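Here come two complexes built around chain A, the first alongside chain B, the second alongside chain C.
== the complex of A and B ==
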């Protein structure tokens, strides 16, 4: 498909563009922020955004779009920023991505759009993520446009139930409401957003941003129902047969947290990352006793794992007042799955990294609370199935360190609720729902996407899967009308 | 918001709530629980459903005011609303015709044992209920239990009513009378369930206990409620709440229940101080207007 090139509003001569430095985003001071839960990144200024946008060299074949799981029209929105039409730029993004303020914050741009930016081959890539964040925030603070300019589509009279209000579900809701379907999102918890509200901390994604994004979907006509567990409060069959839903999308998210199956893992003070972060983020445990949910404030906390969740947990522990908060990771920093930015921020805030170390036992006091971790030092051997070098324990390297809190952040299994209550839906040996590329499951009219299918990935990948499912659901609903009329 | 249709104290510090919840009432089975939040800054606590009515669209829970949240909950009256309510959660009780079923309950556990006793009776069992409490005033739901089972026996720690002793003593009495239970269900405080499980393990009677663990989400996402059963870690919210009492590591669960003891005391103290202030302010206001 030949793409029409956007109108260029960039008046800076091509050669000069190469000499403009990539604009740094202002941040909260590292020492100060390690004691509060306010957002770390402060966002580009309008002047910075225009300068950054002017660095775009308007490639004939813009590869950046290929790097985006939801194919945002990146060159177009960047040109609109050059023209200082920030709200127009936000609307351009929203044609493909309903949650730009969130994705501008949590997407791993360095391995997606920015990794393939042509500028990045010889210079630094255009800061696409920072620009996305800037225009989304700008639109939000200036009344946005959203529901006001988007014309209400002709109602189809067809009903879609979306199970889970995380990134996959919100993406599907946004796409299907624009098609004129009646869309209802069911959420098990008492707030909307899924992992965006219980998992990602305030200092990376302020809740007010999420609330705004949900409110804008609500303004478009999406119905949101909280405290409703599909599978328990009502089954999928009942939603379809009794409540008249024509299609269902399952965006349940990751489930049961994984543990290491080592002695002492059920001691007091040993948390799964899901629990620790949920207590802090969703339940606001960091404001205890003003808020009712208690949370450990450790002196010496360790977080086991090397992903983004581990970074969120360790930085939370630090903010809760830990004198020492350390990452314990069995491979080296090179193999860490966490984003560079998160690792960098954690280090700035005083987090220590104990790489090539693996705990083998947690030791308790006489009250059943964790007081120490027994660990082994590791070295890297031959590559394993994942292509990363396999960590191997070093002989005689056992050591014990004092800790009063442990957070296990080694991934999630799948949620068993749907498998327990809907045998018609096939699951694989890990309990994940089996779905084709477009999200179709083994049950007619039921689609699935996000972590419940993939087993654990990023916000934007879940959204990408959601958008693919939305196309398939729309197609399904069209043929359904055709066959019944 | 979820309306409280009726709230009344049924024993000192123990309150019964009838709550409007049509979806939950329609679905719930014996042994399942709900999670609720009292107010917008509240914690999520699990409570077993004692009774429900699908036609009238309500559920019944019985709450003992022990910590901050339950004490706060027990200040709510008829017509008030809960912030959040979700359920039914957990696996329903497995019921079959075992022969003779003995339901042993302590404290508010009796309210939770009620639906299981009723379901057991409906399945054809001879059902004997053993209710235990510290004293006469703390025996709850005795009449309701008597309506659904073949026989109710009572024990109190101080002998103020029923047999002077523990529920385990009453079970021993039954055995001495030649009654051999085929199945035991024990619901109550952990030490009581542990004692019953110990006793029945020795004499070889299968025993099911309903574990009350600390929970956050209640849908298998966080893992706060993990316990060790048969040497394996289980999540009480999705694998339970009922387990083989002979396999449960009660010591570990006991210490996990005390995980936030200090914080809970702090929170409870804050709450009581606030209540006291409120009362004093109201008193002053009343004085001023009189």
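== the complex of A and C ==
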């Protein structure tokens, strides 16, 4: 499809654009930051943002939009940056993405919009994520927000309950409040944001950003209820029959930590990444003595896994004072699912990488605390279904390493509470809710999206599913009115 | 009398029947687990295992040599170092896969042991080797599923 090109404010001749270097994001010094929880990346300056925006060659077919799960109008917002209309650029993004300051920080742009940027074929791709983050922060700091710019629609009188305040739930809330529905978000924890608040550390996503995004939705009319566990405090059936909700969206995420099932996983000092990061992030364990959340400060911590969660956990352990903080990963670095940027930052901060190593037992002292890990070395075999070469244990390669803390970061599953309390909703063999492409579940009026359906993906994919569900919920509510009037 | 001594005195039909009985025991175990499972996800997983063992049982009755000539895939050893869960009514899919893979591994070892023991008898050796290979195929499938679902470290 050839799309109509936006008006170009870019005065740099086309050929010269190819010579502009990709703008590097200023960041905290590695030694300094490995001892604090302040944000690592400091964001582009306005001057850098304009220069970076001028690198865009305004493709007739903007493939970058195809790479974005919510199809942000990337060329349009970049052109607005060229014109130094930063708030206009932020508003342009918000037409498709209600959480730009968050996505600008945690989206894996290198495998989405930037991966398909045409500039990337010969040069480095336009730093779309950095630009998104810049304009979102700029708008936040200069008073730009949806609440002020969007007119409140005529109320429909219909009520929608959103279960879970993670990225999927917030995306649905944002879209449905604009349609005039009464939207209430129910959150089980005492803070809003789901995995964004309990899973991602302050040094990667400052919580003030999340609070601003939630406040923006509140200003638009979304109601937020915390400490409310759907399935315990009230069931879905009760929400609909007794509280009068016309539709429900389930965006509970995948918050059930997985373990390895090896001996010693129940020792003191062995945490799931979920617990370790929740204590540090949500319960502010890192902020002692301001917050007095118990959080073990290890001398030698190992984190088992190779994803972004593992990187977050090991960098947190380092910041909490670990003399040695190591990643133990059963594959090689090439197969690591973590973002390259996170691996790079972890290495800069002094994290050791023990690749092709897998623990097979944790060993305790006489007090039941972990003091060592027995590990096996692995070698790479044939590729598996994901294309990554499969690690196979090397016979007789066992070795023991001293550790006083272990964090298991091998993934999360779905919380079974909804499946147990709402048998009308079909789940698959992994416990994920079964939903069609638009989020419809087997229970009428109940929709689902995000990790509770996909079983664990990115923030933006969860938001993309949420937005599709919002369209389907809106359609469902319109039909419902039609059939009852 | 040991299993090996019993087998020495059995004809081929009886040996096949004995192996079918072994498969039936697995089917009975997984059927019981399916019926006791508390959630739909576990019921589905146990039903898949019942189906897998049933196919194997049927193939034993229709024993054809060419079906068994293919070498087994590499032993991934994904579950070799994991703790064996006990059968209970609220097992997770992760536990079910570990339990089943370990069971296939044990059965493969038993058949391999018999194949090695009867190395002097070409017919018996071939039969037990093929049985061991088939169990290793099952283990490979289960471990592949385990790896895809539980070892992606995302």
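We take it that the second predicted complex is superposed on the first by the 479 of 485 C-alpha atoms of A that agree within 3 Å, B and C clash if a C-alpha of one lies under 4 Å from a C-alpha of the other, contacts with A are read in each partner's own complex, and residues count from 1 in each chain.
By our rule, a contact is a pair of C-beta atoms (placed from the backbone, for glycine too) under 8 Å apart; a residue touches a chain by one contact, two chains touch by 3 or more.
Please read all numbers here as calculations on a predicted model, not as lab measurements.
**Student:** Touch check for A:288: first (chain B), second (chain C), both, or neither?
**Tutor:** The answer is first: A:288 touches chain B but not chain C.
**Student:** Just checking: does A:58 make contact with chain B only, chain C only, both, or neither of them? Give me first, second, both or neither.
**Tutor:** Touch status of A:58: no partner.
**Student:** Counting only touches as set out at the top, which of chain B and chain C does A:228 meet: first, second, both, neither?
**Tutor:** Only chain B is touched by A:228; chain C is not.
**Student:** Contact-wise, after the overlay, does A:189 reach chain B, chain C, both or neither (first, second, both, neither)?
**Tutor:** So A:189 only meets chain B here.
**Student:** A:392 in the overlay: touching chain B, chain C, both, or neither? Say first, second, both or neither.
**Tutor:** second
**Student:** State whether A:416 touches chain B only (first), chain C only (second), both chains, or neither.
**Tutor:** A:416 sits against chain B and chain C alike.
**Student:** Based on the superposed arrangement, let me know which partner A:310 touches: chain B (first), chain C (second), both, or neither?
**Tutor:** second
**Student:** Would you check which partner chain A:329 touches, where first means chain B only, second means chain C only, and both and neither mean what they say?
**Tutor:** Touch partner of A:329: chain C, not chain B.
**Student:** Counting only touches as set out at the top, which of chain B and chain C does A:438 meet: first, second, both, neither?
**Tutor:** Neither: A:438 stays clear of chain B and chain C.
**Student:** So which positions on chain A get touched by both chain B and chain C?
**Tutor:** The answer is residues 261, 416, 420 of chain A.
**Student:** What residues on chain C touch chain A, complex-wise?
**Tutor:** Listed in rising order, the residues are 39-42, 44-45, 48, 74, 76-77, 80-83, 85, 92-95, 98, 144, 147-154.
**Student:** Enumerate the contact residues on chain A facing chain C in the complex.
**Tutor:** On the chain A side, the touching residues are 258, 260-263, 305-310, 329-330, 336-337, 358, 360-361, 376, 381-382, 384-386, 390, 392-393, 409-411, 413, 416, 419-420, 426-431, 456-457.
**Student:** Would you pull the chain B residues touching chain A in the complex into a rising list?
**Tutor:** Going through chain B, the ones touching chain A are 23-24, 27, 37, 41-44, 68-69, 83-89, 91, 216-217, 219-224, 226-228, 233, 235, 238, 252, 255-256, 258-260, 263-264, 266-267, 270.
**Student:** Over in the complex, which chain A residues touch chain B? Could you list them?
**Tutor:** Residues in contact with chain B: 188-190, 198, 226-229, 232-234, 253-257, 259, 261, 265-266, 268-269, 271-272, 274-275, 278-279, 282-284, 287-294, 367-369, 415-417, 420.
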